[in-house]
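Going by the order they are written in, the chains are A, B and C; count residues from 1 in each one.
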């Protein structure tokens, strides 16, 4: 694919140790910051000059499909670095995955950063390097960007917005409203890792665990899944609000019931322990490397096998089914044959004492 | 009221401050053990013990024998149910009991 | 997970459910209403919904969800006091997570935080004490709430603060005790409760003796229960067996955790640090004599109520709420005119919609299968 890539015209090493308002002032300090931190990390093979916009050859894009996918996401994670990832990796994965679950091949991302003055330049370099590495792994370019510096207190250290474009495969039509009774619900692996890792990384709870964020670009995995299950109805990454949020949206948009099976939910023992200690429900914990997929029943086995054959899907499982009963409702069959409704949460889950 | 979870004491964190490290499925945390320590005995005596943890405090030592006794009663209820099943249906296969009956409204 | 997984075994659950069904079939003759078994503790309520236990029971047996959620029964006036303390410039207000959404008359702690108050969520009162040590220039106030289970943890934290001379730590004490509340409940003339599932974790602190009056004076069975689904089903079976035998006794299903005499060290810490208040107000239930505690005089220096002046204004529950009747088992949540319309988890009016332990919130969130049918 012919993707333009920004390349530095004159790289001047940045001598400052921390970012100041001058680095956002539009002058040479800003130019140096962009050159030395971002372009140095993101630069590719040097075909394009640093313009204000990335330009794409439409004919080349159309070779990959017939529709453009376009998405954007803001990232404000605290802390910036956490076990299994950092805000940069998250910013690339999040947008790549949002494109991929629509059936698109991700092509390019933009990256807008808002920096709180006082941020160490070294922190910024690490984040940029992480973004570049993740983008390479996902096979997308970071093709354009923007940098702003704000006064102390006006943002929290570093905010990143990534916007992405991709090309949707010809003939593929996935959507949250396309599930039908009889369809099968799959997930590509262990649930709740990211939410638990972040909550723990904040340190307020003084817990020690080896749980790492599952943050990963899923376009490769989704590629294999689509090939194995061409009739696939829906994919969504189960980020904020967890599995519960996605299945509820699915039930509502498709006007179907969803039946989850508690015993089938893949989860690591540490995450279960973490949830038991704090009284959290893992169904509501965020993931950053997990998709829920709905496939027609005849493609379920192939889909599961394809997911399990991929390194990011080894613990994939069939976790439930779409039904005609109680449209709009998600019912979980508990391990005792009891039932409970799985609703969306009002806000964030808060640890309980009772 | 009162979320509590069993964990195993795996190390002494601070003898003077009466803190031990408890492990719950691989998640660890320092907890206050004043309520479960034998007065005068070293905290190392607690290592290996299972305790009930509530808001950072070990509140009770879990009694292995009592747990086993409860499970024994439960198993007997299970066996009695299976025998009853055998009497009424001529089968003792608990594995075939439908644990997930469809409950439609 | 040891001591957990064994008590979540579906095969055992199946056997217990059959046995409960068999007893219920024998008891059915001549019965015009279901046996109402109250689980006192919010943790039990949570487990019942989480595992969908209600749907497994025969029609003749139903759980009534009791008043045992300390977050739900906190009156609005006390939340207002919390907010007033939290909004002071010098204060870091540390709290358990589930107390953050409880509405006061004007705002919750979560809203106060959004308005600029320094409110921190902690897992343990020990973490609040650590905050105080790390921030010597600030006043760290811990929001102490909970029943007898939680009381020793805050008492021990106060004792630790006293021993270590941490002067910038204090406790806003809202602890409540379950025994006077159970008595108040049992003294209601039209109480429709046939037996009780007793609170397991309160009992690991206080033991089983304090419940004797329930059997002796009120002739109701009570079984102290653990929190896993098998624990609850077994305890329910034990209560039903007592009903069938016509007995009323205090039994202990949770003997692996609950010693008969409770925990002496925990009780001593509570006794050292706290004394009963004449009365304490409960959301939905009104004032109950002897149901609250406060810090004793030697620990007055750690009493946030003494350190900071608080508004201490009583705020009446909304008049349309039927929380009190739901709490005593007189009506089901969905019988309240506000349920799901004026009162939702997002904008709770009454006590029981506040925390996920509250029976209204639990019904709303997990949609009790029977509730939906009704």
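Assume contacts are C-beta pairs under 8 Å (C-beta built on N, C-alpha and C of every residue); 3 or more make two chains touch, one makes a residue touch a chain.
Just so it is clear, the model here is predicted, and its values are computed rather than measured.
With centres defined by CA atoms alone, the chain at the far end from subunit C is A.
Just count the C-beta contacts per chain pair and the biggest one is B-C. Chain geometry summary: the mean Cα position of subunit B and that of subunit C are 21 Å apart.
If each chain is reduced to the centroid of its CA atoms, subunit A and subunit C end up 38 Å from each other. Taking each chain's centre as the mean of its C-alpha atoms, subunit A lies 37 Å from subunit B.
Multi-chain contact residues of subunit A, defined as those touching 2 or more other chains: 205-207, 269, 272-273, 276-277, 279, 333, 335-337, 339, 352-354. Touching of two or more other chains is recorded for residues 1, 4, 10, 13-14, 42-43, 55, 68-70, 96, 123-124, 127, 146, 150, 357, 369, 372 of subunit C.
Across the assembly, subunit B contributes 1-3, 5, 24-25, 29, 54-56, 99, 103, 105 as residues in contact with two or more other chains. On the side of subunit C, the complex with subunit B involves touching residues 1-4, 6, 10-16, 18-19, 22, 40-43, 55, 68-70, 96, 123-127, 146-147, 149-150, 152-153, 156, 178, 199-202, 204-205, 227, 230, 234, 237, 253, 255-259, 263, 265-266, 269, 357, 369, 372-373. Subunit B contributes residues 1-3, 5, 24-30, 53-56, 98-101, 103-105 to its touches with subunit A in the complex.
Contact residues of subunit B toward subunit C in the complex are 1-6, 8, 24-25, 29, 31-32, 34-37, 50, 52, 54-57, 59-60, 62-64, 66-67, 69-71, 73-75, 77-78, 80-82, 84-85, 94, 97, 99, 103, 105. Interface of subunit A with subunit C (complex): residues 204-207, 269, 272-273, 276-279, 281, 329, 332-343, 346-347, 350-354.
Remark: subunit C residues 1, 4, 8, 10, 13-14, 17, 42-43, 46, 49-56, 68-71, 96-98, 100-101, 110, 120-124, 127, 130, 146, 150, 229, 344-346, 355-357, 364-367, 369, 372 touch subunit A in the complex.
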